[in-house]
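Only one structure is covered here, and it is reproduced in the block below.
Order of writing sets the labels: A, B, C, D, E and F. Residues in every chain begin at 1.
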Amino acid sequence: MRSNGRQADDRRPMNLTVNINKYAEGSVYIEVGDTKVMCTATVEEKVPMFMKGQGKGWVTAEYSMLPRATQTRNQRESARGKLSGRTMEIQRLIGRSLRSVVDLQALGERSVTIDCDVLQADGGTRTTSITGAFVAMALAMHKIAQKHALPKFPITDFLASVSVGIVGEDTLLDLNYEEDSKAKVDMNVVMTGRGQFVEVQGTGEENPFSRSELDGLLAIAEKGIREMIEQQREALGPIALQISSRQPGSAV
Amino acid sequence: MRSNGRQADDRRPMNLTVNINKYAEGSVYIEVGDTKVMCTATVEEKVPMFMKGQGKGWVTAEYSMLPRATQTRNQRESARGKLSGRTMEIQRLIGRSLRSVVDLQALGERSVTIDCDVLQADGGTRTTSITGAFVAMALAMHKIAQKHALPKFPITDFLASVSVGIVGEDTLLDLNYEEDSKAKVDMNVVMTGRGQFVEVQGTGEENPFSRSELDGLLAIAEKGIREMIEQQREALGPIALQISSRQPGSAV
Amino acid sequence: MRSNGRQADDRRPMNLTVNINKYAEGSVYIEVGDTKVMCTATVEEKVPMFMKGQGKGWVTAEYSMLPRATQTRNQRESARGKLSGRTMEIQRLIGRSLRSVVDLQALGERSVTIDCDVLQADGGTRTTSITGAFVAMALAMHKIAQKHALPKFPITDFLASVSVGIVGEDTLLDLNYEEDSKAKVDMNVVMTGRGQFVEVQGTGEENPFSRSELDGLLAIAEKGIREMIEQQREALGPIALQISSRQPGSAV
Amino acid sequence: MRSNGRQADDRRPMNLTVNINKYAEGSVYIEVGDTKVMCTATVEEKVPMFMKGQGKGWVTAEYSMLPRATQTRNQRESARGKLSGRTMEIQRLIGRSLRSVVDLQALGERSVTIDCDVLQADGGTRTTSITGAFVAMALAMHKIAQKHALPKFPITDFLASVSVGIVGEDTLLDLNYEEDSKAKVDMNVVMTGRGQFVEVQGTGEENPFSRSELDGLLAIAEKGIREMIEQQREALGPIALQISSRQPGSAV
Amino acid sequence: MRSNGRQADDRRPMNLTVNINKYAEGSVYIEVGDTKVMCTATVEEKVPMFMKGQGKGWVTAEYSMLPRATQTRNQRESARGKLSGRTMEIQRLIGRSLRSVVDLQALGERSVTIDCDVLQADGGTRTTSITGAFVAMALAMHKIAQKHALPKFPITDFLASVSVGIVGEDTLLDLNYEEDSKAKVDMNVVMTGRGQFVEVQGTGEENPFSRSELDGLLAIAEKGIREMIEQQREALGPIALQISSRQPGSAV
Amino acid sequence: MRSNGRQADDRRPMNLTVNINKYAEGSVYIEVGDTKVMCTATVEEKVPMFMKGQGKGWVTAEYSMLPRATQTRNQRESARGKLSGRTMEIQRLIGRSLRSVVDLQALGERSVTIDCDVLQADGGTRTTSITGAFVAMALAMHKIAQKHALPKFPITDFLASVSVGIVGEDTLLDLNYEEDSKAKVDMNVVMTGRGQFVEVQGTGEENPFSRSELDGLLAIAEKGIREMIEQQREALGPIALQISSRQPGSAV
């Protein structure tokens, strides 16, 4: 039995509170257990230099932790004058994942930047950021679609993410910090509403893992993500229909 | 009449929610109108190099805005690789102000770092940060005092801050962003519970101001701060007694 | 009695030597006691990006200390790779103060940058920089006005600055380094020739101060600045007339 | 049929030239097709701050590309003043992978730094770096083991890496640059001599992928890595025995 | 007798291997004893901002050492976030030297960047870089001349460089690291095929040197460079004719 | 005839004003024509890390230009966040030159840092800095020698520097900015009182130069430096005796 009485394949409680920022085109406050992330989506009517003139849009993400999101205070990256490798790796992952379910052509030459700021961290900050960022992005896309009367909604599928791992002998869903620090194998999975993989990142730094362990991890990740997408659908309300209506064959 | 139906010397509604962070020794979520700041206080059993070996403690502060705290998105200072002059000026002000009501000798050779992270900005972010930071610091000092059985509580007085300004012909208390951007004169005042000034920073970049205008600004600032300190006292509950009981002659 | 036999409201001797740089459009070497600052004003026929196309000019300032301006050598900010918070705060103050007496419309779409380089520091380097920078700026504005036959001289008033403070029981004018380091309250005041305030920055980090102490500080600051502006007027000679002739009601 | 007449599950020719650097404790020049990487291993008799006093060693890696390793010249990261997110992500991956087959306790309080410098890039630079880095590390570990008469050889297994991907309908092994830029799905796999996974990083930015596609990718990756480890074994000669002799049940 | 049995005025063996990079317009791998440098020349159809619109080209160079080029590992300049003074000094020297034998007018508005990356260092890395960079540049110029049918070949003369020094009583040609570290006087000389000086940089940090010592150093440097230019000529084959045919009075 | 009526081998007027800084252990204001440099020497009772425990001292230098030292304003290196290659090259040159006439053993484990700040530039700023830095260093060494009763004065010879060049057909001494920008060959020479070379740096970027041209340049450089050292001797007064008395065979 895990802390909080969870079974091996139970997620922590997840809450999504939408539109919590007065200025952002889309915003969500997401809590997964004690991990708390504020996600805001900003729309700009321009694209980065390398995308100019292609008639396509761009989606990117930034990630940061407040200094006291963690047990001991972290020095601000602004004070250190540079982003850590970990931060860069995470924000590249979030942006790449989001773009996998965006039709950049349908978006048109504009960009959406999703900021994921971790207010409190208790494991799974990158996966929680992706799950929240998707909702903030969907809200912003809805505003764009309405304002510019886009013929096609630019989001092609749902997207959520969860961490899984092997702790001792157990294959666990949605690790908190304490479990994560004891895990022999740690895997982050990003999946779509149709049940396809977008990212699979498994690491066995201290204990390489077998093919059958990998299979077990993927199975519970899929279960967790399927549940999370249901919650995203509820949080988005009618906006969710614009996404699912375009995917008749979706597994979700 | 001001937006929200305020009189010239009315403050915006202020809310203080204490202990909102699982890890920090002190934490407060402060809302002043639509300005929202998370303040966390971190205790460390060491002092900066330049303070070592003096048997005294140190209090410092850091300030930052989330990228979408404002109407248009701001680039992160971590991405730009350096702090702006504005950020440095503000965090120096917060730290200096807090230290004015701390008995560093009584604190002993340990440090308290207060992080003020602006989640949403609508004018007065630096003054709101100071008012919130004081409460977060008081909570942390209480933990230190208990844990180490300090003979003397290290906080000597209350501390709060407000902005005042002249907009058109009117001398206004607690400017929101819209008022602030039209103000001819802008002043930030930091005061103690005893009604003494800690910082007075008045600027008339576009319109120099007269002595009588200055007097009017200081008068309403004092009124606003007096009210704010009452709210701090309530938020701190019994901890407040450790502060006020030591100041028999206090005006508050 | 203060060191050098000064009374509480005596300034240190001030010297202004104009046109000490072969290339700059305006330049002044200012000495206030042992504080020595070189101020140069540079004119460029362009404005920063954020001011473009408004038909208005811009005035900005930079401030720096030579490494051995002080008792112990300071590391260069160029070697450290970034400006300190103190430097940024000071150069923002100088620029803001100067702009308060400039008619940016009359200046036209060009910019004036004033560099204040402290060759030797003995207290009051920021106030001395402002007083000197005004003169360097006026010389440069004269060149602009002549060269481009401006219909209106772009400077609307004189500007000078002084520090005041409370040391022990005494309210002192123009603190040197030794006095400054013992001061309980430290205040920098920037005023115009008409006797209006542009900046009032009072700090009582170790000792909060009362309203009557504030009043005493402002009174001697006004006296000091009035005297300094007389010296600026002399140093500028006929150029001064272009400033004062436009201010018939000036108190100076 | 692929360029160079390769079948879908054919690797490119791989060459390993050992001891190509006069100073490094271990060094390898690895060529995989037109991808060419120089790997050097440096031994130091100290560990990073965060590892001190634990009686354990540390292994870390750095990765860089020469400016003209690529078709168009890349600006040096030293000239830009910071590492890109891509570089940091790759060097974290290399270090983590290497540590998975090192017994840090057996290594003792010393560190091995492996530098992977890409002289020419034609796809798969990170996987090639890992495969080469392992050999450089093994050579250095041999020197350490001899010099300090370590009771146990600190390497616990072989380690190699390959990229796989889906291009059009085909699941391909060891993509070159041209294939990589057309791939819908791109996966890097790091495996041990025993056939366990150390890292599985699959990305379908433009096309999410199904579970059966994932299975196909893992299968050919395993084939490729098995072959590569045979080549590492040959390159290491007698030193390889110290690794394999300790793994009687190894699949390789 | 020197190590390797060299006489005082003997160079170390030098090898030039051309076209070792698949992408660069010109490339050379140069070995001088155990000093090994990879030089690549990149052509771009644009010039830096400060050269625009003059109808002239530009040639510049960058220099770097791999971390383990030296006996003990050097921290990467990309990790430190800035170039050392030594690196900047060397790359300025290389660029300046190359430009002395280029007809920028004949080159037209395009630029050639030569990257010199030291794979292994054993003294004389800057002089070896210049000698190799010339050959890489000549190969790239040949491509430009052919592709754009330039009426005039843009290289006006050969160029090579060598270090000389005084060790003990001896005036030595082409110092290796061991000799360099014992040298009282160290001089780098860059000369053209016509026997003219382009750079003479002599330093006697620990022992100032006399005029006659200077004369002796210049004499052996000239001998060494003359020999090196013969080898460059051979390495360039028919391309060399385009250079020498334009210099009927050349001493070489 | 040159501007100012100078002959080819005439220097510009040089003035040395000593002890112009209240805090520095040694200080000089040096003017060579319109080139004006402030040199201060700082003594610290410690040496850099790499020199510790050797019983020897260290001498180093820093160089900077004020933004308006030049015809058009230069951006501050502190604002750009890094030193230019030119600055680093110059300060390395100054430090190296000064150390050539210092007995680091006699100095003992302390360091002298010479700051050369160019207030106005009209050619020859690096050579003027060296000439002035020597005098500032000598003044500081005198203080050290007295305070610590050093048995041996740590300066072993005089040191000065001048620039020479070829403009048109003429070999000129001490180029001003206008001459320097037209020079085909530019050479900086640093020599000792005994007439030995410390640095010879000749560059013919646009026009390689012959051996006889080099000889001509060295001859007038020697003349100029000899004269400058006479002026240094006068400026130092009795302190000069401590230097010359130890060099009976000196040519000066």
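Brief remarks follow.
As a convention for this text, a contact is a pair of C-beta atoms (placed from the backbone, for glycine too) under 8 Å apart; a residue touches a chain by one contact, two chains touch by 3 or more.
What you are looking at is a predicted structure, and each value in this text was computed from that prediction instead of being measured.
With centres computed as the average of Cα coordinates, no chain lies farther from chain C than D. Centre to centre, using the average C-alpha position, chain B and chain C are separated by 29 Å.
Put simply, the C-alpha centre of chain A and that of chain C have 52 angstrom between them. Centres computed as Cα averages put chain C at a distance of 34 Å from chain F.
Contacts with at least two other chains are made by residues 81-83 of chain E.
Here the chains make one closed ring, and walking it from chain C through chain F gives C, F, E, D, A, B.
By the touch criterion given at the top, residues 82-86, 88-89, 91-92, 96, 99-101, 157, 187, 191-192, 194, 196-211, 214, 218 of chain A touch chain D in their complex. On the side of chain F, the complex with chain C involves touching residues 21-24, 27, 34, 38, 40, 42, 44, 62, 64, 66-71, 73, 76-83, 87, 113, 115, 117, 119-120, 122.
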